[in-house]
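A, B, C and D are the chain letters, set down in written order, and residue numbers restart from 1 in every chain.
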Amino acid sequence: MAAMMDFKLSLPEASQNAQQVDIAFFSVLAISGVILLTLLVLLLIFIVRYRKGSRAKRGPLPEWLKREFELGWTSATIFLAIFIFWWFVGGSIFPPRAFPGQLEIHVVAKQWMWKTEHPDGAREIDALHLPVNTPVRLVMTSEDVIHSFFVPAFRLKQDVLPMITTELEFTPTELGTFHLFCAEYCGAQHSRMTGQITVMTQSQYARWLRLQPHGDSLVREGETLYAKFGCGACHAPTSRIQAPKLGGIAGQAVALQTGARVVADDAYLRRSITDPRADIVAGFTPIMPSYGAVATSSEVEALVAYVKALPKEEQQP
Amino acid sequence: MSDSAYLRPPWKNLERQHQAVTLGIWAFLGSEVLLFAGLFAGYSVYRGLHPAGFLAAGRETSIVFGTVNTAILMTSSLTMAMAGRTAKARLFHAARILLFATFALGLLFLVLKGFEYREDIHKHLIPGPGFPISVEGAALFFSFYWVMTGIHATHVTGGLVAVLRLIVTSRNDTAWLAGSGSQEATALYWHLVDMIWIILYPLLYLAGRTHG
Amino acid sequence: MSETLSAIPDYLHDGTTLRSWLFTTDHKRIGILFALAITVFFFIGGTAISIVRLDLLTPAGDLVSDDTYNRLFTIHGIIMVWFFLIPSIPATLGNFLLPLMIGAEDLAFPRLNLLSWYLYMGGATFTVLTLILGGVDTGWTFYTPYSTMFANGAVLTAAAGVLISGFSSVLTGVNFIATTHALRAPGMTWFRLPLFVWSMYATSLVMVLATPVLAMTLVLVMAERWLGLPIFDPSRGGDPILFQHLFWFYSHPAVYIMILPAMGVVSELIACFARRRLFGYSFMVYALVAIAVIGFFVWGHHMFVSGQSAYANIVFSFLSFMVAVPSAIKVFNWTATLYRGSISFEAPMLYAFGFLGLFTVGGLTGLFLATVPIDIHVTDTYFVVAHFHYIMVGGSVCAYLGGLHFWWPKITGKLYPEAWARFAAILMFFGFNLTFFPQFVMGYLGMPRRYHVYPPEFQIYHVLSTSGAVVLGTAYFLPLAYLLGSLWWGRNAGINPWKAKGLEWQAPSPPPHKNFPVPPHVPDEPYDYHPKEGPLAEAAGDVS
Amino acid sequence: MAREKIPAKSFWKLNRDLVMTWAGLCALLAITCTLAYVPMGRGNLPVSLVIAAIKAALVGAIFMRLSDHNALNRLAASVGPIWIFIMFVLMGSDYFTR
């Protein structure tokens, strides 16, 4: 019972986003409150004044007045709806593009745990340590069903899908420990798929990071997989089989067979591994098999990280 | 001889009963169209995501069966429409012959579809182990192929039962064909099933024919 | 006239064998058959959620296992949505009243109507079979790939049950549309139709056009799970978000299948007990149709965090705000109807007031969920749970009970005990708010839905909610008891105990098999509670 | 009821428009099947769909008598395609901008 006394009526605003969401939330709450209150007061007045047998005046209303009322509140409601949409939705919806300097954390969800991995390879389970006031970008995927990464203190939520990567960007602004929940129903232990987000000062974070046992970094893991799947047999600079060379390809424009040009971003690289025939590079025959069913989502992520890290090669004569 | 013998409760007026039956069947057809809408949407999304797979898979369906079956179903629609026209002209004997033809053509469609399925199974065109086309998305094409043709065949079967009912009921009472709204209702349903097939035909049989 | 009436048996006594009920084509008897079936399911679904609420008293979830918990809330959702709410008002009150209100003998296709009931029962059988097989744990939303590749419950029978009962709703919709077009009594023009009839018409449009999409979606789920065909499976090229699009294309409009009929009922109640013509009748009609149509454009607001594109989020957010407009117009019109009325407070009117308050809260919290940044925070939390229960339970169930009380004298010929009914209505209002208001707060604080165990700081809200549920449950058992009791002990109601307008009150209570001994003719506007002086008023009085 | 006798000529007259429609449908079927083998790049799909739409419209207008039905039935018939259009546009708002 002591725990019950522990309840809170407010939620920390632990990210920049949280403040904006709260402003929107409480503004809409105020607007709704005024509407509800007006309605209840009107109801009460009418109920008392026009109760059966009261002496209030009761004749019919002129038609024009009714029409004025209808048009009045119809247009007022439309105006209010558009206003709320424009004010709270219009500006704040597009997620900012990735930019350098973001702390890129890879998140893999599976029944029923969260696995997180820091850029230098430090790994955590059901936990994530973050430095305060540092922009963070979460790159997330799932190994089985749909999960959802939900941190109430950040007012952020994003579904985590199998074979598809979703992202979340935010900047923690408050020190402390916050709940991480899985918000998309994912099976028997859905409610136990929770974790903790710990926001530390930047120096604490650096110290914490040093003390972690370092597994292979994502790039190193990717290198191993590159060898395991024998990607080099075709893609290595020395290979005699015709395949696009990968060194320095990340971020470059690639000409496709269809005549289109696409930028080799993460999504492109991922697609090229899981579904090579989706975008065939100009001048190459589509001989690469799909690795979509062979490599797990986290392995694909590691491969992408490795390919991005490959240096640009010398032009072959 | 009076058609008012075909009034059913709660109707008092045959013309109004016909109007209601026709409107009801049109509303139901609207529902049927939306039933296939989900399949069309799924097909379109996946064709957009995996164009190569859909083209590679589209080549493997049997264009001969597909085209012949389209022609058969369109012809059955013709005989059905003619049956309505002749029944209205009170040429009930001719109308019944045309209904027989409709039934036979519908049955022929299903028989040919069965042979086509046998050929498909023979070529292992069922997504799963042993599926011969390795391009990503080809298996999705065949998932939709089986579900679309399967649901359509169910509708043809339902239509055949309805046509059979017309034939059986009009055996001793040929004027029933004009008097009750059943012939028109059945015809509208039959034409819709034909129409759906007309849309399915290019999706399932004409994709990817230009290559290989 | 009364002598001729007594000669014709009423529909309840027009045949007493089981056969005369199971093979009836009388819309009134079919309405009763539906009412019996949905009442059973209401209490099964209610039992499931009672166990859930008891379990949630402690943060550790000490009462049942994780798996049982998941099966309980799933069966609660499936039963309450498809076997109670969807058929609740249309298939019972709608079936009973639609022909009466337009002055017809029956629905356009009486045998099709009976088929609707059998299809519903077919679906119900599969649902009961699902329960016997140990239930299903996918949630009522059947999200893939969980439902197709990972769940171990009886997904196939559950999906089959929903699929089959869906055809029941399509056929009911077709029947109502044809009836409204073709069987109106002489003089019953479109703009003389009671709003309940309009609401049935709008609901039918949604049932006919949305339900088949759900049917096909479930067929695809079954094909993937049962036959192993790749359809939504992402590891074989499929897109799980496609499932969500198709599912919500039905399931958002399905909310309007539940709430539009409730709006129709409440319009009748308020007009009758305020003794006043509905304010802005034609605007009410347009609003109903607008909600039915725009309701199809907003499904993507269930998917703001699903991985759907940001542009789609904007589009669906805007459209969701637009659907709020006609709903708001209806609330304003109901309130304005009270102005210069002569209001009395019989139980149905108390339910109508309850509806007005609860639906408004439900609708206003809908604004939060249409606002993308807020929705991202509160979706999949108890905020959403509270929101849709305010609409579906506070709105639809409240209106259903109000309507049931209002037309009970017509349906059974008996009066229910007024004091008990008022007490139950008030108790329900308090129980409901105590159950669901705390859920808004804990939802905002981050309590995710479908959680069996939860952090202890949310316990206080769960305890409040569970105690409210006890009150609410009691308030639902009361009508079951006194309404059934009134069948034996209730006073005879007479033709028109409320002195209400509307053709149904011109038929005997309970009506005979063909409803009207004398075919009705409609000379008046609807809700003509304040007839003008002079000869016209005399003429209007003669008709009944 | 006695078997009715119909002169072949009036029988043809009665059904002429239907048979002509059927002939048109068959011609369109032959055209679309042939065109499927003509390389048009991305053009093949739209061409085959447009032909399919024309065929469906013919069936609707002539066989299903929409051209001489009342406005209400035509409205009912148009609702299905309109709703499919809505579904595609709104789902497209997601898939085309992912």
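Everything below uses one rule, namely that a residue touches a chain if its C-beta (ideal position, glycine included) is under 8 Å from a C-beta of that chain, and two chains touch if they have at least 3 such contacts.
All values derive from a computational prediction rather than experimental measurement.
Engineer: Between chain pairs B-C and A-B, which one is joined by a greater number of C-beta pairs in contact?
Structural biologist: Higher contact count goes to B-C.
Engineer: What is the distance in Å between the mean C-alpha positions of chain A and chain C?
Structural biologist: Here chain A and chain C have centroids separated by 35 Å.
Engineer: Using mean CA coordinates as chain centres, what's the chain A-chain B distance in Å?
Structural biologist: Spacing between the chain centres: roughly 45 Å.
Engineer: Residues of chain B that touch two or more other chains: which are they?
Structural biologist: 19, 23, 27, 30-32, 34, 37, 41, 45, 49-50, 53, 136-137
Engineer: Of all residues in chain D, which are in touch with two or more distinct other chains?
Structural biologist: Those would be 72, 79-80, 83, 87, 91, 95.
Engineer: Out of chain C, which residues touch more than one other chain, so two or more?
Structural biologist: In chain C, residues 181, 209, 213, 236-237, 241, 245, 249, 310 touch at least two other chains, as defined above.
Engineer: Which chains touch, pair by pair?
Structural biologist: A-B, A-C, B-C, B-D, C-D
Engineer: In their complex, what parts of chain C are in touch with chain A?
Structural biologist: Touch residues, chain C against chain A: 59, 61, 66-67, 70, 137-139, 141, 143, 145-146, 149-151, 234-237, 240-241, 274-275, 279-280, 283, 305-307, 310, 313-314, 317-318, 321-322, 324-325, 328-329, 331-333, 335-336, 338-345, 353, 356-357, 360-361, 364-365, 367-368, 370-374, 376-377, 379-381, 441, 444-446, 448-461, 463, 530.
Engineer: Flag every residue of chain D that touches chain C in the complex, lowest number first.
Structural biologist: 72, 79-80, 83, 86-87, 90-91, 93-95, 97-98
Engineer: Spell out the residues on chain A that touch chain C in their complex, using ranges where they run on.
Structural biologist: Touch residues, chain A against chain C: 3-9, 11, 17, 20-21, 24-25, 28-29, 31-32, 35-36, 39-40, 42-43, 46-47, 50-53, 56-61, 66, 69-70, 73-74, 77-78, 81-82, 84-85, 88-90, 92-95, 111, 144-146, 148, 150, 152-153, 155-159, 161-164, 166, 179, 181-192, 194, 275, 292-293.
Engineer: With touch defined as at the start, can you tell me which chain B residues reach chain D in the complex?
Structural biologist: Touch residues, chain B against chain D: 19, 22-23, 26-27, 29-34, 37, 40-41, 44-45, 48, 63, 67, 70-71, 74-75, 77-78, 80-82, 85-86, 89-94, 174-175, 187-188, 191-192, 194-195, 198-199, 201-202, 205-207, 209-210.
Engineer: What residues on chain B touch chain C, complex-wise?
Structural biologist: 9-10, 16-17, 19-21, 23-24, 27-28, 30-32, 34-39, 41-42, 45-46, 49-50, 53, 127-128, 136-137, 139-140, 142-144, 146-147, 151
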